[in-house]
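Each in C-alpha cells, the structures are laid out below.
Here chain A shows up in two complexes: once beside chain B, once beside chain C.
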Partner chain A sequence: MLGLSAKDTRFLLIVVFLTLATPFLLQPFPETSSLAQFNAGYPDLMQKFAIFGIFAIGFNILFGLTGYLSFGHAAFLGVGSYTVVWMYKLLGYNVLPGLVLAIIISALFALVIGFISLRRSGIYFSILTLAFAQMSYNLAYSVLTPITNGETGLQVYLNDPQILMGENSPTSPHLFGIVMRDSTQIQMGDWLFTMNNGYYFCAVIAIIAFYISLRIFRSPFGMMLRAIKTNQTRMNYTGLNSRPYTLAAFVISGMYAGLAGGLLAAMDPLAGAERMQWTASGEVVLMTILGGAGTLMGPVLGAGFIKYCENIFSKINDGVLHGWFAFMPDGIEDLIVAMIHPFVGKGWHLTLGILFMLVVIFLPGGLVEGGQRVARLFRRNKKAGPGDKDPEHHPKQAPHVAE
Partner chain B sequence: MTNSTFTRRGVLKTGAVTGAGLALPTIFTSSASAFTNEPTGSTVKFGFNVPQTGPYAEEGLDELRAQELAVEHINGMGDGGMLNTFTSKALDGTGILGKKVEFVTGDTQTKSDAARASAKSMIEKDGVVMINGGSSSGVAIAVQGLCQEAGIIFMAGLTHSNDTTGKDRKANGFRHFFNAYMSGAALAPVLEKEYGTERRAYHLTADYTWGYTQQESIQSFTEAMGWETVNNVLTPVGAGDFSSYITPVLQSGADVLILNHYGGDMVNSLTQAVQFGLRDKMVNGKQFEIVVPLYSELMAAGAGENIKGVFGSMNWNWQLQDAGTKAFVQSFGQKYGRPPSNSAHTCYVQTLLYADAVARAGSFNPCAVAEALEGFEFDGMGNGPTLYRADDHQCFKDVLVMKGAENPTTQYDTLEVVEVTPRAQVEYAPNHPMFGGDAATLGTCNDGA
Partner chain C sequence: MDAILLQILNGLDKGSAYALIALGLTLIFGTLGVVNFAHGALFMIGAFCAVVMQRLLNLSYEVVDPTRTDFLGNPLKVQMPYVESWFGTEFGGGLIEWSVPLSILLAIPVMVGLGFAMERGLIKHFYKRPHADQILVTFGLAIVLQEIIKYFFGANPIPTTSPDLFSGSFDFGVLLGFDPNTIIYPYWRMVYFLFALIIIGGVFSFLQFTTFGMVVRAGMADRETVGLLGINIDRRFTIMFGLAAAVAGLAGVMYAPILSPNYHMGMDFLVLSFVVVVVGGMGSLPGAVLAGFLLGILQSFASMNEVKSIIPGIDQVIIYLIAIIILLTRPRGLMGRKGVMED
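Right, the complex of A and B next:
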C-alpha cells in the first residue's frame, strides 16, 4: 500500500493508530488519583510530542542517514516560527499560508547554510552549523529586534494589518475556521480525555512527515545517504560527487525543522528567539540519540521522552511529594522527600541527564534498541534451537526498524 | 508477565462497560462552563510560574516562598501577615468564596517558550484560574499574552520593563511592580542633588527589551536635568566578562557609569568596574560615580563590598517601617528565617490582591475580577496608598531610592533607603510615548467562554 512493503505498511498503520489514540493512551490515571500528576494527555504537551517528533524525524534524515551531525537545526525551527507569526500579522490567523511559507523559507535558509557548511565534514561541519545557528539567535535576540521583537518574542497586536481577517474570523490560529485551541472533552467515569483540534492537525501532518521519511529511508536516495555515512571517502574515489546528496538531505531536514517551527507558532501565536539557541539544537540531537539514531521510530520516541520529562517532572514540587508519602511516619516521610527532591522540580535536568547516560552506556542504539532487546528475549523463548548458532558466521540482516 | 487475566468473560465485561460509558451523554465541549477553568469543587487552583533554573533562579525561589506564604494566609493558616493591615477586609481567612486555595508550580527557565509551555500545562492540565510570577520582562509579556488568549488572569511578578503595561499591555494582565520610567523619575532628583547637573553619563545596557526601555527612561530623565549622554553600549546578556566594555569608559570623558544590567550581569559588571578603579578616579574635576537603576537584595548580596554608596531604585524594601511591611517581614521571617526580597513582596501582594478582588467581585470570572481590580485603591501593603490604574493595569505607588550601605551589620541590610519618592512624582499619562503612545490598548477582557 502507498508504495510500501507489507511490513512497512503494518508499521505505518501502527504509528497512525498510536498517533490518533494519543489523547487516550497518555491519560491512563483517573483525575482523582494522586497519579494524575503523570497524565500527559493535555493539548499543549500532546502538540509538543507531535511537533518535536516531526523535528526529530527531519533531523534524523540528516544525522541518522548521512552521519552529518548538525548543531544548528534550531535556526530553522526559529525561522519557521517567525515566518508563521509574520503571516498572522500581515494576512490573518489562518495557519496554512504561514506553514507553506515556513517550509519554503527554511528550505532557502538551509540551502545557504548547507552550501557553506557542507564543504567540511565531521566536527568542522558541526561547528560551522553551530556558528550559523548562534549567529541567527543573536541576530533575532537583539540586532533584528524590529523584525523579531527581540527577547520578548514576536506577537500579534490588535493594530496589525491582517488584511485577510473577516468580521467573524476567529481571533486565534485556525484552519479555515477550525480553531486550533478548541477541544472536545469526553468524561468517562473518573477519566477525562481531551481531544484537541490543534493536536489532531499536528498529528496528521506528523503522520505525513513520517510517511515521507519512511519513503526516503527505503529509496535509492536513502541508500546513497547511508553509503555516505558508511564511507564517504570511498564514494568519492569511485568518482561520485556526494555533496549534492548531502545538501539535499540537509535541505530536507531543514524543511522538516521549519515545518515544526511553523507548527509551534500555529499552536501558540508567539515566536521567541530562544527557539534558535544552541540548547534547542542540542535538544534535538539528544532526542535522536536517546531514541535511536538512524531508526525511523527512535527520534519520535526520544522527542516524546524528553518533552515528557521537561513538562511532568519539572512540575513535581515538595508539596506534591509530601502528598504522596503522607501515609508514612513523619521522619521517614521527610527523609524520602529529601532524597527524591533533587531529581524533580527544578532538578528535572538531572533526571534527564542520568537517564541519558544510562541509555548511551547500556543501550547505544537508544530506546529502540531497548525495545528490540525485549522483543528478541521473547522470540528466543519461542524458537531456541541449535540451528540458530550459525557456525559459519554468515552476515546478518539488520533488524527491521519496526521491531 | 504471568499474571495476565484476559478471559473471554473479562474482555466482554470490560467492553460492555466501556460501551455503556461511551453511550452516556457525557460529552462536554469546552464551552460548557461559564469561563475558563471555572472552579466547581471545594478548592481553587493558582499557578505560580517562576524561574527555578537559569540566571534569575534565586529571585524565582524567593518568589515561590512568598507565594506559598500568601496561600497559607488566604487559607487562614499562620498569622495572616498583610491581611491584618490590608485596607480591604473582603478576605476572612477561610479561603476565597468558601473555596480553599491550592497551587501548582512551574519552571519558566527564564525563557519565553518554556514559560509559555509551563503556563499552558497549568491552564490545560491543572485548571488554574490565575497565574502569578515571572522574573524577566520578556517572560512576563509572553505569559501575559497567553493568559489573555486563554481567558485567565495574569498577575505579573518581577517585571520592570515599560512594555509590560506599555505597548504590550493586556486586559487580563496586571502589574504591581514599578517600571523603568518610575525608576528614572525617582532617581533623577536624587542624582541631581548628589552629583550636580553637569555630568556626562556612559550607559552599559543589557541587550534586550528591558535594557532598552530602562536606558531610554534614564537617559530622558538625566538629560532633562542637564546631564549629557556620552555613549550607550549594548552588552550581551550573560556575558560574564565585561572588562572590554569597561575599559573604554574612562577614555570617553564620561564621569558617571550607568549599568542597565540585572542579576548576575549586574554583579559582574559592577564588580569589574570597581576593580578597574573607576570609582577612585577624578574625571572633569569630579569624582567618578556608578549608578545601578534597578536594585535587588540578591544582587546587592552578590556584589558585596562593591555596592557601597552606589545609588539605585527599588519597588519595596523589608527595612521600611510601616505596619504592612512589618507584618509581612515578621511572618516571612518566622517561616523561612530570612527577610523577604523585593520580588517576593510583589508576588505575595499580587496573590493577595487577586484573592481580594475575587472576594469583592463575588466571582472567579476573569472579567469580573479585572473589573474589581481596575481603579482599586488600597493601602497597608507596604507601599503606602496605592492605585491600580484602570487605563493600563499598572500600580501607582511610592518608589524607593536606595544606596549601598556604608556599614552593613548583617548580610541582609546591604542596602539603605535614601528617599521614598512620592507617588505623584512618578505618575505619567497612560498614552505616554514610552508606553506605546496612543497605539497601545488593553483590548477587551477575555473569559474564555
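Right, the complex of A and C next:
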C-alpha cells in the first residue's frame, strides 16, 4: 500500500492508529483520581507532541541518516513561526497559506545555510550551524525588529491589513472555518476526553510527515545518505559527489523544522525570537538522541517523552510530594521529599540533563534500543533469539565517519 | 584616534576572557582530542567560586552595638562578620573587601579537582567514541552543572565587588596626551587584562620551558610514540585537563566583578569561545589567544555608533560573520596545523 512493503504498511497503520487515538490513550486515569495529574490528554500538550514530533522526524533525516550534527535547527523553527504570523497579519487567520509559505521560506533559508555549512563536516559543521542560528537569533532580537517585533514577539494587531478576512471569519487561527482552538469533549463516566481540532490538524500533518520520512528511509536516496554516514571518504573515491545529497537532506530537514515552527504559530498566533535560541536547537538534538537517532520511531518517542516529562515533572511541587509519601513516618517523609525536590518542579532541567547523559553514556541507541534490549532479554529466556530481523529497528552503533 | 584607542581598550577585557576560555578548550582538544562543551560551565563555576568566597567571608553573627540605638530606643543589633571579630576590623574588613582576588586560592583547588573528576569519571570513557558523542555528553554535563548552580544560588545574577583600590577608573587620555575624560578605563578591567596576560604567559612558559611541558607537547604531536618511550602520557594529559579547568575557572573568578555571575553565563561565553577556537585554528594555542583578543576588539569596534550607523546590527553578528568567512576561506583557521581535525 502506498508504495510500502507489507511490514511497513502495518507499521504505518499502527502509527496512524496511535496518533489518532492519542486523546483517549493519554487519558488513562479518571478525573477524580489522584493520578489525574499524569494524564496528558489535554490539547496544548498533545499539539506539542505532534509538532515536536515533526521537528524531530525532520532533524533525524539529517542527523540520523547522514551523521551531520546540526546545532542550529531552531533557526528554521523560528523562521516558520514568523512566516505564519506574518501571513495572519497580511492575509487573515487561515493557516494554510502561512504553512505553505513557511515550508518554502525555511527551505530557502536551509538552502543558503546548508550550502555554506556543508562545505565542512564534523565539529566544524556543528559550529557553523550554531553560528548561523545564533546570528539569526541576535538579528531577530535587534536589527530585524521591524520584521520580528524584537523582544515583544510578533503578534497580530487590530489595525493589520488582513485582506482576506471576511465579515464572519473566525478571529483566531482556523482552516477554512475549522477553528484550531475549538474542541469536542466527551464525558464517559469519570473520564473526560478532549478532541481538539488543532491537535487533529497537527496529527494529520504529522502522519504525512512520518510517511514521507518512511519513504525517504526506504528509498535509494536514503541508502545514499546512510552510505555517506558510514564512509564518506570511500563514497568520494568512487567518484561520487556527496554534497548534493547532504544538501538535499539538510533542506528537507529544514523544511520539516519550518513546518513545525509554522504549526506552533498555527496553534497559538505568536512568534518570538527565543524559539531560535541555541538551547532550542539543543532540545531537538536531545529528543532525537533520547529516542534513538537513525530509527523511524525514535525521534517521535523522544519528543513525546521530553515534552510529557517537561509538563508533568514541572507540575510536581513539594505539596504533591508530601501527598505521595504521607504514609511514611514524618522524618523519613521529609527526607525523601527533600531528596526528590531538586529534580522536580523548577529543577526539571537537571533531571533532563542527567537523563540525557545516562542515555549518551549507556544507551547510544536511545529509548528504542533500550526497548529492544529488554525485548531481546525476554526472548532469549524463551529460546535462542532469532537475531536481528530488521536492521532498521536495531540500530547498531554506527561508525560516524562524517565526524 | 582617541575613539579607536578606547574601543581597543574596551575590547581587551572581553577578549581576555575569550582568550582564556579558548586556551583551555584548545589545551583539552590538543591533548585529549575531546571537544568539551562543558568548558563554559567551568568558567561559570569559577565565577561562582568568587560568590562563595564573598559569602564565606561575610558569614556573621549578631552583636549588640552599645553606642547606637534603633528608633525605639533599644540597643541596635548589628551583623558582625566572623573574620572581623577574629582578625580585627581592619585586617578582617580588608579580607572581605579583597574577596574576589582571594577566591583565586579557593578556585584553584576546586577547579583542578573538578577537572580531574570530570576527566577520570566521564571523559576518559569517551576517547574512542565519535566526536558527536563527546559533544553530546559534555553538553549534557554542562546542563547538569548549570542546573546544580541554579539550584543553590538561584537564577538571578549575584553582584560581586572588586576591591575599593580598583573600583575607580583610570584616565588614559591624559597619559597619552589627549584631552581629559576622553579615554576612561576602569581599573578592574585593566587588572583583568594583566591577569589574563600573566595566566597566558604562565601556561605557555609551563609548556615551553619545563620538562613536563615538553613531554606534553611531544604527546600532542605524537601520542603513540611518547607512550612507547615508557612515559605515562595519559596521566600527564589528565593533569593538563585539570590545568585547563583551572584556567577557565580563574578566568571566571576575575570576571565576576565585571559581569555579575548568573547560572547561564557559561553557555553564553561557550558559544563565542568555540567560535574563537575555530577562528584561531583547532589545536593551536597561540591561535586561540590571538583570535580571542582579535574577536574581542573587533566586537567592541562593531558596537561603535559610527559603525552601527553604516551597517545596523553588525555588533550582534560580527563574531559569527568572521567565523563563517574564516572557515570558508581558511578552513584550518588563522594558525591551525595540518592534520588536526581534518575530515
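Note that the second predicted complex is superposed on the first by the 375 of 403 C-alpha atoms of A that agree within 3 Å, B and C clash if a C-alpha of one lies under 4 Å from a C-alpha of the other, contacts with A are read in each partner's own complex, and residues count from 1 in each chain.
Methods note: a contact is a pair of C-beta atoms (placed from the backbone, for glycine too) under 8 Å apart; a residue touches a chain by one contact, two chains touch by 3 or more.
What you see is a predicted model, and the numbers here were worked out from it, not measured in a lab.
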| item | value |
| --- | --- |
| Chain B versus chain C as contact partner of A:L139, first or second or both or neither | second |
| First, second, both or neither for A:I186, with chain B first and chain C second | first |
| Chain B versus chain C as contact partner of A:I289, first or second or both or neither | second |
| Touched partner set for A:L128, first chain B, second chain C, both or neither | second |
| Chain B versus chain C as contact partner of A:W324, first or second or both or neither | neither |
| Touching partner for A:P342 - first (chain B), second (chain C), both, neither | second |
| Partner chain(s) touched by A:F29 [first = chain B, second = chain C, both, neither] | neither |
| First (chain B), second (chain C), both or neither touched by A:S172 | first |
| On chain A, the residue positions that both chain B and chain C contact, one per complex | 138, 141-142, 349 |
| Residues on chain B engaged by chain A in the complex (per definition of touch) | 18, 21-22, 26-30, 52-53, 57, 103-107, 111-114, 116-118, 120-121, 124-125, 137-138, 141-142, 145-146, 149-150, 163, 167-168, 207-210, 234, 236-237, 439, 441, 443 |
| Chain A residues touching chain C - in the complex, by the definition given at the top | 67, 69, 116, 119-124, 126-128, 130-132, 134-135, 138-139, 141-144, 232-233, 278-279, 282, 285, 289, 342, 347, 349-350, 352-354, 356-357, 360-361, 364, 399-400, 403 |
| Of all residues in chain C, those that touch chain A in their complex | 35, 122, 125, 129-133, 135-137, 139-144, 146-148, 151, 267, 271, 274-275, 278, 282, 312-313, 316-317, 320-321, 323-324, 327-328, 331, 341, 343 |
| Contact footprint of chain B on chain A as seen in their complex | 39, 42-45, 48, 138, 141-142, 145, 149-153, 155, 157-159, 172, 181-189, 194, 268-270, 272, 274-275, 310-311, 314-315, 317, 319, 345-346, 348-349 |
